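After this come two complexes, each holding chain A, first together with chain B and then together with chain C.
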Partner chain A sequence: MVEMTLNGLMVKVEEGTTILEAAAFYGVNIPTLCYLEGLSPYGACRLCVVEIGEPGSAKVATSCTHRVEDGLVVRTHSARVMKARRMLIELYLASCPSSKIIQDMASNHHVTRVRFKQRHEDCILCGLCVRMCAEQMQGKAIGFAWRGSERKVTTPFDKKSDACRLCGGCMYVCPACRSRCQGPQAEQAVCNACLNLPQTDRNYLFFDNAVCEAMEPPGGAPKKMTNRGA
Partner chain B sequence: MAPALKRFAAPEEVMKVRQSLEGRLDGNRPRLAICGDTGCTVCGADGLAAAVKEVMERKDPAGRLELKVTGCLGFCEQAPVVLVFPGAYFYRKVKAADAEEIVEKALLQEGPVARLLYTDPSSGKKIACAGEIPFYRHQERVLLDANWHVNPLDIYDYLARGGYAALLKVLGGMSPGEVLGEMKEARLRGRGGAGFYTWLKWELCRTRAGSKKYVICNADEGDPGAFMDRSLLEGNPHAVLEGMLIAGYAIGAVEGIVYLRTEYPTAVAKLDQAVRQARELGFLGEDILGSGFAFDISIVRGAGAFVCGEETALIRAAEGKVGEPRQKPPFPAESGYRGRPTVINNVETFANVPLIVNRGAVAYRAAGTENSGGTKIFCLVGKVNNSGLVEVPFGTPLRKIVFDIGGGIKGGKRFKAVQTGGPSGGCLPEEKLDLRVDFEDLAGAGSIMGSGGMIVMDEDTCVVDVTRYFLNFLKDESCGKCFSCRVGVDRMLEIVGGITEGAGSEEDLALLEELALVVKDTSMCGLGQTAANPVLSTLRYFRSEYLAHVREKRCPAKVCRALFRYRVDEDLCSGCGFCARECSAGAIGEGPDGLYLIDPAVCNRCGVCVEACASDAITKE
Partner chain C sequence: MCKRPLEVEDVLTRVIVANGASVVTALQEIQNNYGYLPEEVLRAFSRKTGIPMVDIFNTATFYNAFSLEPRGRHQITVCVGTTCHIRGAGMLIEAVSRLLEIQPGEVTPDREFSLETVNCLGCCAFAPVMVLDGKYYGNLTAGKAREIVGRIREEAAEGAPEADEGESGGSREGVC
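Then we have the complex of A and B:
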């Protein structure tokens, strides 16, 4: 067992687990898009970043790839992390507004606007499909091609692949394929329809303000967490 | 003639051969060194070398004069350059036609060919000796000195300069711990950019369990305008090999890999030759010099991706996989090449290692600062009078590099900014010129040391446009694996591009800054983490220029095409019509008074008319 500090609490965690798994075990929900139990961690969506180390010299790292160590000090919802997550969610909304998962995440983090030019690229290149195909379906029919903003998921040479058994595993795990619910503002880039639910109904949806504040280190960043409706 | 290559079985044999080579590189021995590096070759060094050879065959059948085609001699601005010993006369912009005179003078030892010498712009006097030229005088060339003397294709030249003496010293009685102690004492830091302490990296790797460990040399130098590593590999490759050997000994590795980019074909050929020669002489392979230590080096050629300069991406590429980084930890020292503990260092870092062992850490550290020992090579390029390869101790002020060594700004223009550290470095303004170049000081000012690129910009440069250029480069070179780098850089480019096109607003600046900080914080590897530096540093030091773009829709340097226009000055226009003839857009027409007018709506701001106008009547406004 490894002993570490998770949001100010000393916790014991089994050796070899990741910070993300440890946090989940202790009931701390860290948002992810490219993580799925059973597939190897990939660290591409960057949403699961957490602050590691003492305030002031802390580093930001992805919790899905970082294994727990003795004496590790982790803050999963600090102001720095939340600021980064909100910006990332805004970027996700700006390129893939059709995904229900991303729209829910936006409401959850109170991201209510998109300041970037709206695009409809849909695929967020989280790589879940590629890993699903290779690691669970033993297919290895798809992979990444090209680089940078031209990167895409495809079969070798964009040709129909003999290795593909049309199992549909790739679609099953895709966060962008699961389209939005047809809520009251379904046609808008930012739905935020869930934000209009009565307070009692949406309590379960949102990370509690008080919890966020409690996670701030004493004397650390100013306690201005507004992840709930303003 | 070089003796035939025979494998050395013991250190004594090396010493014996070295004695026989004494005087080979003596400064009094008549010889010509012609720079064979890219800049000089492009300017005709190949033809020059052939002409010199031909003249020498004719005039000097006895072979008193020696010709060496060397690596980069440093002063690229004056290419092609030739050094003549004895005297270290520095000839600049030499043509093949000058060969006859150069050889004659050198044979007769009659002093230099005056018309080929460098003229000091401040005093107007000719300077004969290379060491007295301000460009060289203000430098401390401990690593690059070898480039003046050594033929990189001949291992015996390296031996004659005391090459592999450090290896002999290490094998002859230093424990790996002692080697590490020397590196620690010398305060050697990684020259690849991050400035991690070399001894610490080696120590982490050495103390890892596992019998198989690797040493990797990162020679994937991809920054625009940077050629430090190439100059070392092409000028003195054995120094790098010797450094890798010592690293291998210190951490207990038996295999070394040089990851070298394919775009450096000369470096590949020269390094390949060096590895073969070192192997033939027994400096590489089994039981090196009878010590029992075994180490071999192979070369892996990169397939052309900037991101492969990042260590985890490089390792994956060397393994034959797609060159994409992965999240650290684990660091390569824990799990690197094929999952084994791996030390990965930059070319220049390895080249420093033999120097430290030979000179001793304390003497080495005499140059440099409290935290960083030794010297650093920079590629001084851009709008500076003396562009070239520059080596100075850590802690040298930027002003000295740009003005004393670099000779100030071209054409007497004003200095605007210097960008250190390659495409993901920051732009530093005039008030930061007294900054000492050091890892900490540069980071504090919002830039990075990077691998040592240094691009000087003058008043005609628009920093917003420069930022756009670097973001565009990084957008193309981002591997695209992690979201914040792929999309973040793309969106930063979208915003900065909009600003240069006159479509930006002040909210855009705030958003840009917010985004840049998030990209810096959350990206997976060094490329993304530093990609925001050009944005953040220019916003910090040149905000007024951004504001001129977004508020007044004006580009102060008149570079952003959407924000200025060309105009014909009626007082100066002679009515010749050259401009109208050259204009590809058809934007220039003759006015009623016989003078010419430019239609800004049609003009594409290519600037051809400015070149065409004989009376300098076309100006930007």
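Then we have the complex of A and C:
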């Protein structure tokens, strides 16, 4: 067992777990796109970022790949983290607006606009399908190929693969495959139909800012730590 | 650069014996033999070593140095990394592609030359850099690049034998 601080609370966690798992155990919901229980963590989507360390010298790290350690201080929904997450969601919206999971996440985080060039990709390269195929299905039929902006998921030589058993596991885990419901703003890239549903993550934000302030040193934290985003 | 291709089996045995089937070195060996990575050979390699085909394909497509398509007999690579870009790689490419009438990524119709770009060769001190058949030419200008490629082209046209030919010598009419 190691002892760490999770959003200002002292908690005990089993050694070797990741911050994401520890947070889930204590009921703190961290959004993810490329994490799935039973598959190896991959750290590709960056949505699960949290702030670790004392305010002022904290850094942002992906919680799905970061293991807990003694004395670790974690803030899962601080203003800085929320700002980073919102920016990521905006970027995902700009590349893959047809995904229900991403749209829901946008509503939940109150992302209401996209300031980037709108694309319509059908893959966000989260690698879930590749890991599903390799780790759970022992298939190894699909994988990443090419590099940089040409990177994509495919079978060798883009041909039908002998290794594929048509199990459908890849589609089952894909966050981009579930298409969005056509809400009132069906024409637009951002749906935001669910904006007025209760926003759990925003509540966290308020809770956590208070906690952050309480933890700040007497002289006040450096300016950039306060009033970020929110 | 490109010797007469050996039989698939021979290549594979050699590859596997030489390096215990590490993918990158194996692919290099295959590419040295055929001038590119033929699909059947990669599949045979996968069967023989048990390395999943996806992983091989991943590696083969990741590195610029590997090609899945047959390349020209003379391989020209112009570096367009940051340093070379600043020091005029664009002009080299323009000069070479005008001279050979091909764009980067293409092969001349007679299969003599292919032109490719790469992002930094690790010798930025000599920028801009061009590699022709494994030989590095640094501090180039468009004129110098044209001269070097032109010389090789003339040699090729005359059918002059090349110095760096290995054991297989003989026939040059191979796969590549």
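The criterion applied here is as follows: the second predicted complex is superposed on the first by the 195 of 230 C-alpha atoms of A that agree within 3 Å, B and C clash if a C-alpha of one lies under 4 Å from a C-alpha of the other, contacts with A are read in each partner's own complex, and residues count from 1 in each chain.
Everything below uses one rule, namely that a contact is a pair of C-beta atoms (placed from the backbone, for glycine too) under 8 Å apart; a residue touches a chain by one contact, two chains touch by 3 or more.
A quick note: this is a predicted structure, and the numbers were derived from the prediction, not measured.
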item	value
First, second, both or neither for A:L88, with chain B first and chain C second	first
Chain B versus chain C as contact partner of A:T65, first or second or both or neither	first
Most chain A residues touched (candidates chain B, chain C)	B
Partner chain(s) touched by A:A163 [first = chain B, second = chain C, both, neither]	second
Partner chain(s) touched by A:R178 [first = chain B, second = chain C, both, neither]	neither
Contacts of A:R147 with chain B and chain C, given as first, second, both or neither	both
Doubly contacted residues of chain A, that is, touched by chain B and again by chain C	144, 146-147
Complex contacts: residues of chain C adjacent to chain A	39, 42, 52-58, 61-62, 68
Interfacial residue positions of chain A with respect to chain C in the complex	134, 140-147, 155-157, 161, 163
For the chain B and chain A complex, residues of the former touching the latter	305, 307, 322, 326-327, 329, 475-484, 486-488, 490-491, 494, 507, 511, 514-515, 518, 521-524
Of chain A, residues touching chain B in the complex	43-46, 49, 60-62, 65-67, 80, 83-84, 87-88, 91-92, 94-95, 115-117, 124-126, 144, 146-151
